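Heads up, the next two complexes both have chain A, just with different partners, chain B and then chain C.
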Partner chain A sequence: MIKKLLQYGFIVSIGFPVAFLLMLSLGRRWAYPNVLPEQMNFANWEFLQRSDSKLFQAFFVSLGISLCVAIFTTSIGFLISKLIAYSKNRNFYLVLAYIPYLLSPVIMAVIFQYYFIITGLTGTFLGVIIAQFLVAFPFGIIIYINFWNPQLKSIEELSYTLGGSRWQTFKKVLLPLSKNAIMLCFFQVFLISWFEYGLTNLIGSGKVRTLTVSVFNFVTEANIFYAALSCCLLILPPMLLLYINKRLIFFVEKTKIEP
Partner chain B sequence: MTHILNIKDLYKNFGKETILKNINLSLEKNTVLSLLGSSGSGKTTLLKIIAGLESEDKGELLLNGKNLANKKPQQRNIVYLYQEALLFPHLNAFENIAFGLRLKKVDSKVIMEKVNHMLEHLDMARHAEKMPNQLSGGQRQRISFGRAMVIEPELLLLDEPFGALDAITRGKMQELFKDLAHKMHISALFVTHDLKEAIVMGDQIGKIQKGQLLQYATKKEFYKDEFSGVQKEIDFWKQINNN
Partner chain C sequence: MARKLNLKKHLNSKTLGQLFFIAVVTLPVLSGLVYATLYSLGFVGVLNKGFTTENWEAIFFGSPFWTSILFSFYVAVTSIVLSLVFSLSMALSWKKALQKGALSTAMYLPLCFPGTVMAFFMFQLLSKSGFLSRLGFTAGILSELNQFPALINDAYGIGIIITSVVLITPFFVILFSNMYRSENIANYKQLASTFGATKLQLLTKVTLPILLKKSSVTIYLFVIFVMGSYEIPLLLGRQSPQMISVAILQKIQRFNLYDIPKGFAMSILYVLIIISVLLLLYFRNRDFFKTETNA
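On to the complex of A and B.
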């Protein structure tokens, strides 16, 4: 009984904010003391189609930035984390990896800003990607570091003595074994980048309008209906990722390798 | 008899610590040399150097008369087997054995034939489709042997391969390995810290202690050596018998 209650409680705690946002995005004119908005229609959603709304543009800018940051961090982090894990100075590098989280990304952005200004990267799409990568990359290292363990090293060495080249060992041994770690890193970094606001706002200096920046703009304008609408767009990719994650992370391993 | 492996004046240091000192070793073709040594004696380092997974500081390694210097592990045709079976967890028993053949891009029909033949040899044919986590420790070790032997390496290096098995399984595996080694004309270095296992498994015996190796010309010579521990063992069992 308690277990069931806890399960329902969990579902409600996840589902209620989503349902509430959806309702708000459909609402218009919500004055006190009405329990619900006076009008409920798709008028706000039509705002998405307007050329001056730039919400769709912000959505794709966010998607582009997050995908780039997630792909770079996942691939480069995979290679660098291996060097760090088997290094004599592993602990030293790990302490360095925690620094962005001790300082907070916004403070990191303040530190970066000077260098971004002199290199002309402030207010550019590339600048935001690089800034986010610098914060997300250490996180990728932290995710991967425990994947590289002595047993995996022995398996890798065994593959070499069985005749496997570095590429074959990567493709047929390391990649299949690291699938879960790679997906975890990709999803986590994507989410960090997707919801990033402070750093993006500072380095983007208002010229790079991501979805989170748009949400905050609507909130500061006290336009709760448009804010809810952009929030609906904001939670779409994470929900999709959550679904894919659940499907892929717990999949049954293939039993055959390709020749 | 021809020597498949010759090691001359081999040295290895880790920092200031000397791990291997003036190692000289020769292994005849189609024979098994047992290397007896306690933990930290340098036996694993020696095997890793032969496999190309560690580099020597000084010395010469010859396999079939050819110098192994600067040869990568994948070019040596020497397989190193660990104490754990280390099966690839994403592949079933059949594919684990086929792994080395697939790397060499051997024809699928030949792979099928060789792997099935090996599974028969190992008495594991009915477990071919099982994943490693569905196999017992002994079964995993059998597959591990099959995976190494199917590619017909010139030399097999076994680093306490039965160390993690119980006494009964260990006995069965020793018999199986001896049988396979004889049938498949295998040359191997078999590292163990167990005196009885060293005697059972090896055609020849060597002892490695504090980084120095002593290779006995015959087993008899080993039994006669008062520091080999054989006499102590015999006395112990005699004492038990008398009591």
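On to the complex of A and C.
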């Protein structure tokens, strides 16, 4: 009984942040010691729908950047990870991939920011995409690396033995078998990019206004209601993913991805 | 002949692919480190006048860098230890509920929260004028705002630790719950109990050693991730002591241009520390970097 109660209490506490942020996003004026905001209506959410609103634009800037980074990392990582996984120097390459993976993205940005300045990439959409790709690509390799196993290699070789060309083997054998790995990589990288703040703010020089940048800007302006609204928008895609397939938002190193 | 040419083409694409990987993974870090080294030694930079070891001496022998590293380490280790205690308790006592039903899905919900959002939520919840303080005031427990304990922007990083624990615990619960099944721990426990092991012995000699050993590298990696976290300490931390990422960024972005070389020196040292830890992890846990491919 106590166990059940604890479980229900835990589930409620997990849902509380979502309810709290939604409540704040509907609010206006919240003087101490009021427990709830004095006004609660959909005015903030209505403002969001206006195409010239900063948040509306930030949402699509974030979406554009995250989609680009996820598409590039997933596709390039897929091809390169196969070469790395079957290479003789695989362990050495994997250690190399762990270096940017372990460094805080914002420290990475501090280190390579100079090269973005001299190439004129700071403060640009493209600059942020490239910077995020440099952080996400090693992560993509780490996701894919355990997918390329001896079983898959023998299936690929069987296809060649049966007369399949490289293109046919790729299209008819490898791609269908890689569906789970590709989806996991795509959504994991999308989330990394979607959640990123420090690197985006530094390389974007505040000009590339994503949702995470907006949260900090609104906090600085002491506009907690818009900050809460930005937070609601930030958790929307991952929650949608959770609804579609919860396994796509969980990744741990050495995950075995079944073909 | 055609086969030979095809093989050559294949080899070339392989080499090119590996070169691309090395370039993307190492060039940004290496070239960045070269520039940061030159800047911190006074060779480049607007206000630099030539070779100097002044910045490095200030970082090596001054306290800000080491204080930040130690504070980051303390926050990371405390957060991970607390998360492990909570997650192991939940994963082991709610085994069935975590496999089926509402809890099995609800446990994934905190993974949807980026550090920025959780930090903002915690600020609104735990600050002196936050939601809990308001509830306390309404319930008559507090008579004024300042009676609420300082949980945010405090000297001990309590707000940062609470936020990190809330973000990390669900991850470890899912990890341990999955591991419990994949490692067939129930079978080992049954075997041990037929030999007369007590409940406590089953926990301390069978379950915990298997789970912790199997997840040891992931736990170490999480310590490094938390040490390098930026958004949470930026919102919930204070000026002193600062976590390392915030400290470095503040030096780099300050209006005082004389602080930039010190910021670069700090970032180089931090990168070197992380690479050393990674190499240590690699040499002590070689199996972690192996798969069936080259086992």
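In this section, the second predicted complex is superposed on the first by the 226 of 259 C-alpha atoms of A that agree within 3 Å, B and C clash if a C-alpha of one lies under 4 Å from a C-alpha of the other, contacts with A are read in each partner's own complex, and residues count from 1 in each chain.
The working rule: contacts are C-beta pairs under 8 Å (C-beta built on N, C-alpha and C of every residue); 3 or more make two chains touch, one makes a residue touch a chain.
The structure displayed is predicted, hence computed values, not measured ones.
Engineer: If you count the residues of chain A that each partner touches, which comes out higher, chain B or chain C?
Structural biologist: C
Engineer: Using the touch definition from the top, say if A:Thr161 reaches chain B (first), chain C (second), both or neither.
Structural biologist: A:Thr161: touches chain B, not chain C.
Engineer: What is the contact status of A:Tyr86 with respect to chain B (first) and chain C (second): first, second, both, or neither?
Structural biologist: After superposition on chain A, A:Tyr86 lies in contact with chain C alone.
Engineer: With the two structures laid over each other on chain A, which partner does A:Asn180 touch: chain B (first), chain C (second), both, or neither?
Structural biologist: neither
Engineer: Figure out whether A:Leu21 sits in contact with chain B (first) or chain C (second), or with both, or with neither.
Structural biologist: The second partner, chain C, only.
Engineer: Touching A:Thr119 in the superposition: chain B (first), chain C (second), both, neither?
Structural biologist: After superposition on chain A, A:Thr119 lies in contact with neither partner.
Engineer: Quick one: classify A:Leu102 as touching chain B (first), chain C (second), both or neither.
Structural biologist: In the superposed model, A:Leu102 contacts chain C only, not chain B.
Engineer: So, A:Pro150: does it touch chain B (first), chain C (second), both, or neither?
Structural biologist: second
Engineer: Which positions of chain A sit in both the chain B and the chain C interface?
Structural biologist: The overlap between the chain B and chain C interfaces on chain A comprises residues 151, 253-254.
Engineer: Okay, in this complex, where on chain A does chain B touch?
Structural biologist: 151, 154-155, 157-165, 168, 172-173, 176-177, 253-257, 259
Engineer: Contact residues on chain B for chain A in the complex?
Structural biologist: 51-53, 72-74, 76-82, 84, 86, 88-92, 95, 99-100, 102-105, 108, 129, 131, 147-148, 151
Engineer: Mind pulling up the chain A residues that touch chain C in the complex?
Structural biologist: Contact set of chain A toward chain C: 3, 7, 10-11, 14-15, 17-18, 20-21, 24, 32-35, 79-80, 83-87, 89-91, 93-100, 102-108, 110-115, 133-134, 137-138, 141, 145-146, 148-151, 153, 194-195, 197-198, 202, 212, 215-216, 219, 224, 227-228, 231, 234-235, 238-239, 241-242, 246, 249-250, 252-254.
Engineer: What part of chain C is in contact with chain A in the complex they form?
Structural biologist: Those in contact with chain A are residues 14, 17-18, 20-22, 24-26, 28-29, 31-33, 35-36, 90, 93-94, 97, 102-103, 105-118, 120-121, 123-125, 129, 131, 133-135, 137-138, 145, 170-171, 174-175, 217-218, 221, 224-225, 228-231, 234-235, 245, 248-249, 252, 263-264, 267, 270-271, 274-275, 277-279, 282, 286, 288-294.
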